[in-house]
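In the two assemblies presented below, chain A is common to both, partnered first by chain B and then by chain C.
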Partner chain A sequence: MWPSLVARARQQAGRALAGAQGSLLVLVALVAVFALVAPGFFTLSNTDTLARQGAILAIVTLGMTLVIITGGIDLSVGAVVALTAVVFGLLARQGWPLPVAIVAALATAAACGFANGWLSAYVGLPPFVATLGIMGVARGLALVLADGRPITGLDRGLLDALNGQVLGIPVGLLAVVGLGGLTHALLAHTRWGVGLLALGGNRQGARLAGLPVHRDECLVYLYAGVLAGIAGFLTLGRMDVAHPLAGSGLEFDAIAAAVIGGTALEGGRGSAAGALLGAAFITVLRNGLGILGASLYVQLLVVGLVIVGAFALDYLAGRRQPLAGAA
Partner chain B sequence: MSTVAERARPPGGRWSPALVAVWLGSTRLVVLMLLVAAISAYFPGYLEPSNLANVLRQAALLALISYGMTLAMLTAGLDLSVGSTVALASVAAAPFLVASQPRVLEGIVVGLAVGLAIGVVNGVGVAVVRIPPFIVTYATMWIARALALLVSGGQSVYSLDPTFRVIGTGFLFGIPITVLVALAVFALLHVLLHQTVFGRWVYALGANPQTAYHSGVPVTRVLIAVYALSGLLSGIAGLVYTARVNAAEPEIGELFPLDAISVAVLGGVPFTGGQGTLLGMLSGALIIAVLNSGLDILGVSAFWQVFAKGLIIILAVSLDLLLRRLALAR
Partner chain C sequence: MSAPLLGARGLSKRFGGVQALDQVDFDLHAGEIHVLLGENGAGKSTLVKLIAGVEQPDAGEIRLDGRPVHFAGPAAAQQHGIAVIHQEFNLLPNLTVGQNIYLGHEPRRGWRIDWPRLYAGAEAVLGQLGLTLPVRAPLHTLDVGEQQMVAIARALSREARLLILDEPTAALNERETERLFDTLRRLRAAGVGILYISHRLQELSRIGDRATVLRDGRLVGTVPLPDTPLSTLIEMMIGRGVDDTRRAALPERGPVVLATEALTQPGVFAEVSIRVHAGEIVGLYGLMGAGQEAFARALFGLAGQAVRGALHLFGQPVLPRTPAEAMRHGVAFLPPDRKLAGLCLQLPIRENVVHAGLRRLFPHWLLTARAERRLAAPYLAQLRVVMRGCDQPVTELSGGNQQKVALAKWLLTRARVYLLMEPTRGVDVGTKAEIHALIAALAQQGAGILLVTSDLPELTALSDRLYVFRAGQVVAELPRAEISQERVLAIAAAGNVHHVA
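Right after this comes the complex of A and B.
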């Protein structure tokens, strides 16, 4: 039983990456084109910018990917990003010691994640409804706590640390690599991760095989919440303030990034590497277009077209399965 | 996700589909009546005709943006381009609708054609190119928004033709015309879904695409038709919104996809496809409209409203779930 489950999980992770080959090809092409036509795209300072822009999306996408693997969805991540930043900003401003404020903010994010998980796994709400509700609760709390305004005057040392580098590598990028490795290890090498793939592929089967599906599902939302909290700290570094509207619309970008990275929305298939690939895809596209001086409208248009293009390429390469067999 | 019916089925198996159907309809009605009772207890004028007309018009507008989403969800898909298509249809039709030089008929045709075009693109993407609905409609969401901003040059158009505005502001037999439009669309779609072969195909496809395919359902054509219809409905919604607010703004509707999904899910339409009805969806639209008006009447601040809406969505669906379980447990 168990070895076959593990083998199946590995196979599904491989299939997720195979499904993202078109995206990988387009990403490589994008980088090449931008390197040629966008002056300053392929420079060290822009690599730093890319890392900082991409880190927030990448970390949120890692959590989203695990949630989608279970067949669920998490609409609350953007709001949790904002709430974490605001809670930290308020506590820090009131003179709480930095470590305590950090832990309290992360605990808030974890609480939101747990609420998502409890409502979805134990109460039985559709994850879309549960996380839509928590999205409203978290965003509302962030707005009320901050009174709708950005919180300024944050600790300079912390902001510099978040913007800084370790051994020449931006902190955001380090966080992405670390959390990406952690997520991969959890997914491929722990009972919990393999259980997630199993329960996403066939919930009834996973339950009958004796897996604690409710607990596994609840924990996945908790994990996504904590990752959103960490991303919330990175927004502090980027914006220099704790903004109650930070992360608006981030959930859609993260879902799109996960799917571009080969995660199947119906559950049961996905990988950490795919999540990072998808996040890199969207980040590179936005950044390159920005450097080219494209207006926001044109950026939106191109992002839409390229996403469709990546999938159309898969189709032309004949990798898309016929519709009737895709279920 | 197992259905409530499966989950709540007692070991003895003493439930009938009829009982379930009756309760699925009425539990939401209970939630709705509790809400209305609570609000009118606080604000006695709530049920007066003028206020009721406003609430109903709000519900009608919500319903108009949710029909297309519901159709897509019945096929186990979704349509995130709803809001952007509303905006694009609105700004594309606006030049024909200005009060100085009204060509209302042409404006309406343009608005509907634009909606249909986006819908066909979605349908071809989903059915022919076989891109997941989430992705193709997410992409057209950005594309339609960009086109709306480009077409309008980022400018809003105000002061529209009074004849056209009747759709959004007028009354017929004391009922807001917006409500009549929403009901007419409902009637047409209801007949389409429940009295025609096409409707059977939609439900069959949503329940199990493979079985549907092997049973001879023209899967590709049905999917294209569903998304095209969804686009057309967004066009209608765009025209009604334009008439209602007396302006065509390229930035409206950012939250429409989420609103529409909330309405559909609250109305008992699951993401898994093949289940749920438009009648259920209408009850979802009523619940959200009543909720919004209630929060306004209670003078809840904008920030707390965001919080309250989140909490109430969770509570309303939980209560619905609880009532259904109680009904099934008997």
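Right after this comes the complex of A and C.
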């Protein structure tokens, strides 16, 4: 019984990683390079920093990956991160009970996600346009509500909890593991997940197979919005304040991470494991460059080059083995 | 006899200005293979869309087992046991065989998909069809015939009682076709009603019990199949009193302007050798996917490096790899779909007209609206384009006038070889006659014209000579005297299907 369970778990993990093997290799190579050339990269304290930095991106990337699998895109995630943090900060400052403030903030994130999904799936806007608009709305709202300034004086207990550890593992990392597992289960073991893959692989085919394509598509943006909201709480822990400019450019890193994690931009292919690997890659890249003394500007430049490179590879690989739908 | 499995009464459907289906009655019984016949645009696919719930009828009703039903969408039709297998199958190449079969109704344990039960079920369903396929493999690893079996297995897994197959053998070779027929006979014996749509007239008597023929959206009749000769079916499809007027007798034939020698695009068309003389209109005809359209595209450089063999234009050996290269050698190409490939609909008429001639007309890079108007005006006048002015966006014109603009664009390039694909598709009768006259005039002025059209009356009226394609090869060359609609259709639809090498 026990050995067979272990074998099955190993088998399943292997299958989940199969699509992301390339990303894993690249990640290992990158870590090796930085361990050699960046002093202080391979230390315990830096590993902790990596986990904290990476958690926010990883959680957002999980949602982004599902969205891209359907052939869509979500540009609003960074703004939703900020709006969630600001809404929570304001409510907490006004003395709302903590649990209520948390739920209200997450509901705000969910509402943004639902707006993305409703506009894309039911109104029929291109996701690029819908989420670009919601990005502006959410960021603008965050700035208006916070009057353009960070909200300070947040509950110390909560900040400590978000910054804390359970059994020696940072809370952010636990959240990544939990949400990564949930995302994998949803994608690989539910009708909704298969429907998302179908939607991105052949939208017309999915519709003609009688799948609830509009509902599935709407829900994926809702899910991405909620994940962005959770990431918003993690930014509170990192910054100690609710900043209306938190998560600026996060959509950029998340899209990059998803693509590096093997998500096909045209839709139909991607995995939770790949999303986490891609997020780890971007995090290690930025962290390593930082240790080497590269400014944020140089980091942005390098990540941009990496995106172009990853897209080009994805495109070339796609051209060499076209999907059989055309055959 | 009890009520038929499917009964349609007075079904009508309009799309824009076209009456796609007009008062059609139709019955299909359980345990019957019923063939639906008709030319392009006869209303077959509209009828299928109504039955499958993809579109809703404007008038009339559909009954299942004698009870009227109304389908709000494809899902509703599926719940009533109706399954459509489209020509392109609509499978998901990135999912596994098993996932495709159970898409949307996966067996579950709690909220999780029960994968072991799903794959066991997929194997069982395929077993019913007498097949063993790797159910955990991604679909795109299967060949086309196997993918089609997966599509049928999907229908079976939903316990379909009415199976609709649209051109199921278009992509299959002879062995795969035979396997499909075995499967269909098995399903018929099990009491499934099958609606079968195909252009391959020869194969119908091997599989069909009855045939219903549509023409111009109307019901022509329903006949028992094995007893009805092919010639009768063709007559029913084409109809009496066809407009068989030919254009005036061929003038003196000029030199060869276009000739191919064993032109081949692997998997698409093979060993095609044709020639076109100056002043000649040469028709190309074939059923959907027979290779004639791909061949014409290849002549315009649209197949890139994939083409082998030789092409001579005006005696020069050239094999264009891009449209620009083909245009430099005096070739014009009118694509079958002017919305997608022919015109920039939002732009003004004058800009569309000069698009193909930019290099020649504006050698010094600068374009002015005035120069565009001056260049475009004579051609627009010659073609009698009905418009407010040539600054009007193309999208505001009628289909026929849009097509005239697309033609004017090529006239401006002074091409000497015209590849015209479906030049009058979706065009009203009056404009059609005008376009035909223009094509004839172009030939009169010494241009060589290759006419690729599925419109048989158009083909027979205009062609001086005609090549028939079947399964990627030229199977017949008919001189003017031997061209008739019946003959062309019979040749194109005849015989066994062979895969192109």
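We adopt the following convention: the second predicted complex is superposed on the first by the 271 of 327 C-alpha atoms of A that agree within 3 Å, B and C clash if a C-alpha of one lies under 4 Å from a C-alpha of the other, contacts with A are read in each partner's own complex, and residues count from 1 in each chain.
By definition in this document, a residue touches a chain if its C-beta (ideal position, glycine included) is under 8 Å from a C-beta of that chain, and two chains touch if they have at least 3 such contacts.
None of the values given here were measured: they were computed from a predicted structure.
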State whether A:157 touches chain B only (first), chain C only (second), both chains, or neither. neither
Contacts of A:297 with chain B and chain C, given as first, second, both or neither: first
Give one of first, second, both or neither to describe whether A:40 is in contact with chain B, with chain C, with both, or with none. neither
What's your read, chain B or chain C touching more residues of chain A? B
What is the contact status of A:189 with respect to chain B (first) and chain C (second): first, second, both, or neither? second
For A:268, decide between first (touching chain B), second (touching chain C), both and neither. second
Tell me the contact category for A:129 with respect to chain B and chain C: first, second, both or neither. first
For A:139, using the defined touch cut-off, is the partner it touches chain B, chain C, both, or neither? Pick first, second, both or neither. first
Given the touch rule stated above, what does A:97 touch, chain B (first), chain C (second), both, or neither? neither
Footprint overlap on chain A, where chain B in one structure and chain C in the other make contact: 204, 323-325, 327
Quick one: which bits of chain A touch chain B in the complex? Just the residue numbers, please. 71, 75, 119, 123-126, 128-130, 132-141, 143-144, 147-148, 203-204, 252, 255-256, 259-260, 265, 296-298, 300-301, 303-305, 307-308, 311-312, 315, 320-327
Give every residue of chain B touching chain A within the complex, in rising order. 1-2, 4, 7, 80, 125, 127, 129-132, 134-136, 138-143, 145-147, 149-150, 154, 208-210, 212-214, 219-220, 223, 258, 261-262, 265-266, 270-271, 302-311, 313-314, 317-318, 321
The chain C residues in contact with chain A across the complex are 54, 74-75, 78-79, 84, 86, 88-95, 99, 103-104, 106, 108, 111-113, 115, 139-142, 144, 147, 154
Given the complex, residues on chain A that touch chain C span 185, 189-191, 194-195, 197-198, 200-202, 204-212, 268-269, 323-325, 327
